[in-house]
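Have a look at this one.
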Amino acid sequence: MTVAIRATDLVKSYSQGVRALDGVTLEVNSGEVLVVMGPSGSGKSTLIRTFNGLETLDGGALDVLGVSLDATHGERQVLAIRKRVGMVFQQFNLFPHLSILDNITLAPIKVQQRAKASAEQRAMELLDQMGIREQAYKYPAQLSGGQQQRVAIARALALDPEVMLFDEPTSALDPERVKEVLDAMRQLAKGGMTMVVVTHELSFAREVADRVMFMDRGQVVETSDPETFFSNAREERSRRFLNQMQH
Amino acid sequence: MRQRRLLVQVGVAAVLIGLLALLVNNLAVNLIRTGLGLGFGWLGRPAGFALAETALPYAPSDSYLWALTIGWLNSLKVIAAGLVLATVLGVAAGAARSSNNRLLRSLAGGYVALIRQVPLLLQLLFWYFVAFLGLPSVPIGGLIRLSNQGIQLLGLNLSVEFCAVLVGLTVFTGASIAEIVRGGINAVPRGQWEAFRSLGLGEGLGLRRIVLPQALPAILPALTSQYLNLAKNSTLAIAVGYADLYAVSDTTITQTGRAIEGFLLLLLSFLLLNLLISGGMAAFNRAVLGRLNRSR
Amino acid sequence: ASLDSASGSRLDLVKARGELLCGVSGKIPGFSFLSPDGRYTGLDVDICRAMAAAFVGDAEKVQYRPLTAPERFTALRSGEIDLLSRNTTHTLSRDAVGGNGLRFGPVVFHDGQGLMVNATSGVRALADLSGKSICVGSGTTTEQNLNDAFASQGLPYTPIKYQDLNQVVGGYLQGRCEAMTSDRSQLAAARSGFSDPQAHLILDDRISKEPLSPAVVGGDQPMGDAMTWVVNALIEAEERGITQVNVDAVMKQAAADPSQTALRRFLGVDPGLGHKLGLADDFVVQMIRATGNYGEIYNRHLGPDSAVAIPRGANRLGGEGGLMISPPFT
Amino acid sequence: MNRWLDRGITLLLLALLGWAGWSMLHWLLLGADWSVVTTNLPLYAVGSFPADQRWRPLLWMAALITLTLLTLVGPKHGWLRRWLPLFWIVMAPLGLWFLAGGLGLLPVGTRSWGGLTLTLLLTGGSGALALPLGILLALGRRSDLPVLRWSSAAYIELMRAVPLIAVLFFGQLLIPLFLPPGLEINRVLRALVAFALFAAAYIAEDVRGGLQAIPPTQREAAAVLGLSPRQSLQLVVLPQALRVALPSLTNQAVGLLQNTSLMAILGLVELLGISRSLLANPAFIGRYLEVYLWLAAVYWLACTAMALLARHLEVQLDPARSAS
Amino acid sequence: MTVAIRATDLVKSYSQGVRALDGVTLEVNSGEVLVVMGPSGSGKSTLIRTFNGLETLDGGALDVLGVSLDATHGERQVLAIRKRVGMVFQQFNLFPHLSILDNITLAPIKVQQRAKASAEQRAMELLDQMGIREQAYKYPAQLSGGQQQRVAIARALALDPEVMLFDEPTSALDPERVKEVLDAMRQLAKGGMTMVVVTHELSFAREVADRVMFMDRGQVVETSDPETFFSNAREERSRRFLNQMQH
């Protein structure tokens, strides 16, 4: 079993002195689904954004797919990693001025220098897989939130990444739309994709996660398999959080 | 409810019309009192003054109307050139302000901070009397020749007055455009930068393909008003002896004493110019937005 | 204070207000400019002061209004100022009812338009300037005269037009044009401020005659008369040798000597003349006390000891070979 | 590759800056003659204000500068800071009293006002007139009464289509023709009104932008609490809209200050006008560069101070700031 | 038992021809808590906004607290009703330029002409009740979403309304903050306030509602007591909706 992401003692502080990451150590194996939970501001977003170089580190060692991304990494490493790591945001961040198809094929054509036709063919396959083939020629603003988020997933998948990162992919969606997106992610996990998912969807975590990691104030509080975590969390802090989540 | 609305509107209209009538009445009384009268017959009379710069053939024996037309063309010339150059300078400076080169960035910042806080009129006087009239006569290569008599550029012969007004307007407007461009780029949500970065797209490509197209709708309206400002500010050319529309009007009014008629003509010319510029920009705007908003 | 043109004269308004609104240029060396102490100075300004002394009895009761060439007549017509004392050439179209409809006073300075060139340029006459650029103030008779002069000889030229004289000077000094043109008095005045006055030459060609006069709105006889006779009084005083220094002595002497009838009338010892103008009978004394006679005013601002030395030439008294004469005060 | 380009640009810029700096220094040390500035300092400040009364505008300006400095870099807390707004409010009537006289001071007509004093007065006065007018126009343009909407829009668009110099020209030369015969409006006041009428159109558009930025839900929230439409406008919408519009209003104010210089073309002796008169003094003929640089410095300082003060106000009015 | 709101056959269409309300009939009794559910666009917001005159009606009869608010009502009725009906929105809509205290006292002082001191005293009581007394002198932007929403509730309560309307009061909140607001609403319900609540919080509806009304396409699909609705909804459409809500 190979290790996809290995982080050792990551530190990241913002100018105001906030320690968003305060010594985070973790490993994500290939093919594994890791769900990250924790209260707002606990550093979840910051953590997964370091995995593709969207945030620079102030300390610690980070190794993603064999490439080192620690404090001293250069421009080149980051670009190399980004082609192999897909990311999906809370705000779907589709490009509003491009059609759905163009959103998906932009990076394959410009970054991977793929032929337009083959890129589009692959895009249609992915849209099919996401169940929104008929939306290909529309623009993002014409789609519902759930559809947009599925396009965002397809866009990330178009580069054939080895790891997918999800930052609260359903939290900007209408309650009714959440299921569509989670279903797409479930399918992805079943296909063996390595995934790191920040989410508060308990049922998803329970069902899909291989491990659940709970963070607070930039630190890892506990990492357990979902069963243990949800029924019998080790730490008091985690239990309090879970309790609040279920009102 | 409806009656009250109607009453308020009739009231407003009555006050406005009354005010206007009062002013017009005063004007009529004053015109009769001072014997100024109102008429446009003088437009056909010979102007009797020479103009230094004429886009079309003109002699002092031509009519005032023709002199004004020449002035209008001169205005148009400097405005058109100014629009292009100010846009280039502004976009360059705006981009420089978010450049990675620190010196370039602070220089662009300094340019904006300095230029925007000094009156344009003063800048024009400086460009003309100090910069351009202070030029020594230097040929640069065979194609460009600088002197305080004029600039020869690839066979094009430009007067120093024209150059001073052009440079003054360009530098002044460019600073405002730089701010607009920077603001437009900043207005594109951070998420868009992150999205293209996480797809492995480089900064330059992302700026061109993702950020600028989205910044454009925010930039265009403000850019239009800067263009209009440039056109209006071109009237300050009078301070440095460039024979633009306002300068010719000014001479005409002095010679004929036809202040009201002259002013009306000036007003109409500028309304026309405004329509031209904002009409052109609106068409461009539609073309751009049409591309961006096919979704809506 | 309000004035209905049918019922009253501007003069009454000035007297009621106790203050004269005088339009000046404010930018012409020797004629009107701002001195470092913040006061306007110059020949044009002293004319305003003499008027104020005559009209309201105090030469300091003047509000100066710096005016540009284009706005001066409108300012007068619209009542913005009472009197224009701003290097204005008396011409037909400015005088006539069909033109600007002004009323001009007597000439206070006989001028003529000239051209100034760099001494090293080799230009010595108008014809040498064919095809050259010439700096000129816009919208003035200067501009028209220039055009007339060159056109009549069939010479081409390029006018570089500026708004006011000091810009014309700037353009000329910076070498924008081969020559600058203006009234010769102004050329001389400007040259006196150059770092090397000798390096510049005023050509002998006189391309116009420029009688400069104060002006008021036409059709207002009381105001026009008062203006006219104030200027005349300045000249008459010089003819009679009455000066700022001796005016009080002369007055005392005239008061004591009933045989000096003309002098007594002039100084208002015997009342009557001032009253006919709607002024105080002693208006001449008031004026001379404040500004001195015409010769004194001239010497103060344009005389050999002033910053702008212009030979008096045509502006000498009639008896001395000049053109300045006053009609009799009877 | 990129790095070399970067270094190239840096070197080129340094060379250019060095050359410009050197020639400037050379001129400053050897070429410049600052007597045209130093001899006439009082004139730049107060114009032809009567010499024995000059202390009045000078004192007022000194107070203004002190107040500006206190506001920008003075103590952050304490009684002084608390009283500052009051001081600022008092400055305006105080200035008017000092300049115009009366109440124990010798009256001085507006025609004697000049220089920086007049510049500041034109700016402040026209700004104070234009702001309320601009707000009314903005509200008019958003009104649901068509007559009001159309006339506001027509006024705004017409004013914005015309060059300022033409408006000023109109104000100086033509307004008298539109007034009943004999009614004189003094020249400074006319300039002030022309400026205000012009600026109001621009301010109206800024305020309208601010109004548009306030989400309609704010109006709804006010309505739900039983506030009448007028109360909702006055207590909820307008305060927020003005705060949103503040940055662009600042730009307008700075623009207003700069544009007072156009009055020089029309013969008013504000800062630039007085300088042109001074350049006619035979003693100072040809000293353009010194005068223009000096003026540029004065305008730059004044405009920057104004922009900084406005920034300060913005921060003060920001409800999210942690103080209070 | 008096009837607080009686609606008969309400119709409301928007210009584009959408029928947001298509014959809605209902009664809310004094002291009752009615929860309204339904898919997005079903007309829930439109319905409760008619109850205080934020939307005008195109047809039907509406009687709120004895005042008729049907298609022909005038300005005066609406103002009268708004003082007696409080409303809380999804987006809290606090006035950002006013302090918390000023937000709450604005209407009592300006609309009810109360003395400032007494209005502030009442405001502090309400803030106390909402558990955020110490926030009184802060500004909205300095508060968390949950705190802001509780201020919004306090603001509405400051006019001592007889009915409170809530339009998805928790849907703009972080999952963690939801409980704070729901607790405040629970307390209000316990105090006997008449409430109409649009929400998707199932646990809240189950526990607090006297009746649950389910809407779809501008029509009332069913109205039941919560027990019946959640365990054994009558209509197929309701069951499908509930199913989706629980993923």
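Worth pointing out:
Labels A, B, C, D and E are assigned to the chains in the order they are written; within every chain, residues are numbered from 1.
To be clear about the criterion, a residue touches a chain if its C-beta (ideal position, glycine included) is under 8 Å from a C-beta of that chain, and two chains touch if they have at least 3 such contacts.
The structure presented is a predicted model; accordingly, all values stated were derived computationally and were not measured.
Between chain C and chain E, the least number of touch steps comes to 2. The minimal number of chain-to-chain contact steps leading from chain B to chain E is 2. Centrality by Cα centroid goes to chain D. Farthest chain from chain C, judged by C-alpha centroids: A. Distances between chain centres, each the mean of the C-alpha atoms, put E farthest from chain B. The mean-CA centres of chain C and chain D are about 38 angstrom from one another, to the nearest whole unit.
Taking each chain's centre as the average of its CA atoms, chain A and chain C sit 87 Å apart. Between the CA-based centres of chain B and chain D the separation comes to 21 Å, rounded to the whole angstrom. Averaging Cα coordinates per chain places chain A and chain B 50 Å apart.
Counting partners per residue, chain E has no residue that reaches two or more other chains. The multi-chain contact residues of chain D, meaning those touching 2 or more other chains, are 173, 176-177, 181, 265, 288. Annotation for chain C: residues touching 2 or more other chains are 5, 74, 78, 163, 170. Chains touching one another form the pairs A-B, A-E, B-C, B-D, C-D, D-E.
Here chain D touches chain C in the complex through residues 39-40, 42-43, 46-51, 54, 109, 111-112, 172-173, 176-177, 181-184, 187, 265-269, 273-274, 276-286, 288, going by the rule given at the top. Residue ranges of chain E in contact with chain D, taken from their complex: 52, 54, 79, 82-83, 86-87, 89, 91, 93-99, 106-107, 110-111, 137, 139-142, 155-156, 159. The touching residues of chain A, counted against chain E in their complex, run 39-40, 174-176, 178-179, 182, 200-201, 203-204, 241, 244-245, 247. Of all residues in chain D, those touching chain B in their complex are 6, 9-10, 13-14, 17, 145-148, 151, 160-166, 169-170, 173-174, 176-181, 254, 258-259, 261-262, 264-265, 272, 288-289, 292, 295-296, 299-300, 303-304, 307. Chain D meets chain E in the complex at residues 217-218, 220-228, 231, 235-236, 239-240, 243, 317, 319-320, 322, 324.
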